[in-house]
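Each of the next two complexes has chain A plus one other chain: chain B in the first, chain C in the second.
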Partner chain A sequence: MTTITVENIKKSFGDADILKSVSLDIKDQEFTVLLGPSGCGKSTLLRIIAGLESQDSGIIKIGDRVVSHLPPRERNVAMVFQNYAVFPHMTVFENIAFGLRMKKAPEKKIKENVERTAALMHIDHLLKRYSGQLSGGQRQRVAVARALAVEPDVLLMDEPLSNLDALLRLQMRAELKSVLEASKTTTVYVTHDQVEAMSLADRIAVMNSGRIDQYDVPDEIYSNPATEYVGSFIGNPPMNFISPDYQVGTIPAGATQLGIRPEDFNVSKEARDNYWPITVLTREKLGSHQQLSAELNGQLFRVNIPNEIEIESGNTLYLMPKEDKKRWYTEGGKIIL
Partner chain B sequence: MSDLSYDEILEKEVREANRKKKMWRWLFLSSVAFLVSWILFPIYLLAVNSLSSADVVNGWPKSFLPEFDMESLSFFMEYYGVLNALKNSLIAALFTMVIAIGLGTPAGYALARFDFRGKETFRMLILLTRAFPMPLLALPLAVIFINVGLDDSLFGLSLVHTALALPFSVLITSSLFLGIPVELEEAAWVLGCNRWQAFMKVVMPLALPGLTASAVFAFVISWNEVFAAAVLTVNNQTLTAFLVQSLSTSPVEVKFAGGLILILPAILFLFVVRKYLFSMWGIANR
Partner chain C sequence: MNKKYYPYVLIAPSVLFLLLFFVYPFLEVFVQAFTSSDGQVGFSNFENIFTDYNFLPSLKNTLLLALVVVPVQLCMAIGMSLMISKMKKGRDTVLYILTIPLGVSDLAAGIIWLAILDQNGFLNSFLFSIGIIDQPESWLNYQNPIIIFAAVVVAEIWRATAILLVILVSGIGLIPKEYYEAAEIFGANSWVRLWKVTLPLLRPSLQTALILRTLLAFEVFAVVMLLGGSNMPVLMGETFNWAFNYQDTGAASAYAVVILALSIVFTLFYLRVLRVPKGARI
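Right after this comes the complex of A and B.
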């Protein structure tokens, strides 16, 4: 049973509050992604869990063990770094074996674990090489194998795929998912890439300047963004936020913004009751659908429509948000449930 | 110009560019040749004259070819006190090397890895130690050394030489450690190392070539140093101090021999570690 409990972690560097009382309950064997733009504190939180950075206040528990005062080596975690951090003066074998050697594991177990994890990451033919003789993708595999070989309670990954080129990233992402699912290790994964987060995570913690705005399964994050921030960070293009003046029907008390995803409109080329007449500014054909930038009384928003609808920029199109997809937000940007 | 076609103008410009390129190349090569001969020619003359007999050295016209006469060299080596001075030089240089690396490595590591109050001041102070010329310091130092009882000792001399070499070893090792990604250390910590183990198992092997080079640099600084050596040692003279004092009255061919013996170890040492020096100074080495 390896849960991770983060309780009221605060951290500031000088005047900058990097983490403003962050709490997180990660379940056993869960894959949690910390998602946010650079500077939101996601890497700092990961490094505090690893013990590479110390918190100003708050508690970290791994399982039932309070680890917040322990150095990294006593936390039984493993970490994969963005720049791989494969030791250049050791062979791939020695790299993967490093953690086990430090734990004084018997030679037989070292050999077993190294061979098993190397096979898992498809680098068993590279064991005698040095990191200088490996490609970026292969180094990444070594780093993951090295982390898995120590059989850690918790696996921490800091933007592990961001140094790979796009195609390789896709491939590694799929592979990581299956490897980590099989290893059943509780994992915390940091990224700024929402697609990566959506595809890998059991639960995503969306971070916004030192706070966690929402911690939930990917579907919920997408369809019920807890804050305006989450809605505009997740989704490409992001959620539209529209003032409710144009709205017919009931508006919940306190609502100042209507949040609606670009694909959640009923679309018509002819004027209809309660439909908004919008002016199309640009149209982009994206293959599976087309994306419009449109305007209504100075309010800019984006709409995804099926390919069948023929429309030119400058034309008028009639839209109505789908009733069950409307989300309402307060002045402060919080969702009204 | 107007009657030139576009192609002709283009051709002219290409020719012009080629000419410029050639000129720069020529300038570059001749500068390199000049700088190299600036260093090598005196060394060559030194070698030729040390390997020639006294008559040839003092006669006219001068020969630019050595006759491989070992007389001056062997005379010099048998000269009373030379071997002892050579030994002293070696000991002082080795002391200096060990102390400079022993103190410089931790300081360099601290500069590279930690943010502490007064870091920039510290960096400046290190450089400032080189602001006071040896002649200015030598006499007060001699007085202090006599009071403390360090006078005429090789250890005392190496302390002075360490002071000269330390700024280099601190700054060189700090840039060395800066070049080793901190994530490598962090990875080692997470995988079960404490700070010391991570340093020894990961940082040290990667820094070793550079550390060797910086050690040799300290060695050479001590080996070459004359002034402090001449002032601070009397019976335990190093080779440089010995040469300054006894060669001024020697015949010229023996001076040449002494000069050659003096520079030879430094040249050999630098030659052996030149690869590391290059990598230390960031010069591509392929």
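Right after this comes the complex of A and C.
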């Protein structure tokens, strides 16, 4: 049973408040992704969980154990770093064995674990090499194998895929998912890539300048963004936020913005009742669908429409947001449920 | 002029300078070392110096000095460079202050330590003033060879530790901090991190520093001359004696060749022992 409890963690560097009282409850065996743009504090939070950085106040618990003031080596966590941090002066075998050797594990167990995790990461043929003789993807595999070999309570990953090229990233992502699912280790994963987050996470914590805006399963994050910020950060293109002036029907009390995903419109080429007439500014064909940038009385927004609809820039198109997909937000950007 | 000749033209003056004032004298030393006074080519100069009563003591003193000074300096430099690398503020200032002795010539360094250890020196006046001794002691005389040796060791450590220090500080700066963090996460305490991460990754710098410092230790001269005089013969001092006191350039050249041979042997030793396997660099 390895839960992670983060309670009111605060951290500032000089005048900058990096984390403003962050709390998280991560369940046993859960894969949590900390998602946010650079500078939102996600890496700092991960490093505080790891013990590489110290919090100004607040508590970190791993299981029932308060670890806030323990050095990293006493927390039984493993970590995969963005630039791999595979020791250049050791062979792949010694790298993977490092954590076990530090724990003074018996030689037999070291050999077993190294070979098992190396096979899992498909690097069993590279055990005698040095990291200088490996490609970036192979080094990343070594870093993951090294982390898994110690059978940690908690696995921490700091943007592990961001140094790989796009194709390799896709492949490693799928592989990581299956390996980590099988290992059943509670995992915290930091990324700024929303696709990575959506595809890997059991739950995503979306961070916004030192706070967690929403902590939920990917589907909820996508369809019910808790704040305008989450809606505009997740989704490509992001959620549209439109003033409700054009809206017919009931508007909930206090609502100042209508949030609607680009794909959640009914589209017509002819004028219809309650449909908005929009002017198409640009059209991009994306293969599976086409994406429009459009304008309605000075408000810009994006629409995804099926390929079948023939449309040119400058044309007028008629839209109506789907009733069940409308999300309403307050002045302060909070969702109205 | 054709642009592709530019690099050669620009480097030509320094190459000429080196050829004239380094390579030529260097070869000349070899020629002289293997040419006897009557013009015969052979080993007579070497026979001369090997049978000289000062040869073995000077070889022993030089090697012993290097053997004591270099390891002590290495340990000190590693310790100091680790501390300096941890400093956040004032790091450069501290480094500048610690490297001041490097700017002092070895002759001046010898004079400084002579002024301290001399019969009328600061050490005696200090010890006298606090009542430990009743009259000035003559520390640096032939009856105290160990004290002379120790004095030279101290002076050399004071004078030349900083050269190791600057090389190691820059070497430590090249090690990415993620390696330490990874080691820390996977259970290494600071002592283990030093032995398993810092020192192995520092091998290239250690190699450079040790080669440089050991070769300089074989050339130790002025400090020994001032503190020990003829009571502590060293190879470089003997080279000087043969060249200028005995006016025998052949024998002096033979000494120079011996020092060169020693330097080559030790350089090869360091290259071998501190070798970094292919692909294992940062």
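The rule is short, and it goes like this: the second predicted complex is superposed on the first by the 337 of 337 C-alpha atoms of A that agree within 3 Å, B and C clash if a C-alpha of one lies under 4 Å from a C-alpha of the other, contacts with A are read in each partner's own complex, and residues count from 1 in each chain.
The rule is simple: contacts are C-beta pairs under 8 Å (C-beta built on N, C-alpha and C of every residue); 3 or more make two chains touch, one makes a residue touch a chain.
Just so it is clear, the structure is predicted and the values come from calculations on it, not from any experiment.
Enquirer: Between chain B (first) and chain C (second), which, if any, makes contact with A:46: first, second, both or neither?
Expert: neither
Enquirer: Mind working out whether A:131 is in touch with chain B, chain C, both or neither, as first, second, both or neither?
Expert: Touch partner of A:131: chain C, not chain B.
Enquirer: For chain A, give the residues common to its interface with chain B and its interface with chain C.
Expert: Dual-contact residues (chain A): 50-52, 71-73, 77-79, 81, 83, 85, 87-89, 98-99, 102-103, 146, 150.
Enquirer: Please give the residue numbers of chain B that touch chain A in the complex, ascending.
Expert: That would be residues 181, 183-184, 186-194, 197, 202, 205-206 of chain B.
Enquirer: Name, in rising order, each residue of chain A that touches chain B in their complex.
Expert: 50-52, 71-73, 77-79, 81-83, 85, 87-89, 98-99, 102-103, 146, 150, 156
Enquirer: Okay, in this complex, where on chain C does chain A touch?
Expert: Residues 176, 178-179, 181-189, 192, 197, 200-201, 203, 276-282.
Enquirer: Within the complex, which stretch of chain A touches chain C?
Expert: 50-52, 71-73, 77-79, 81, 83, 85, 87-90, 98-99, 102-103, 129-133, 146, 150
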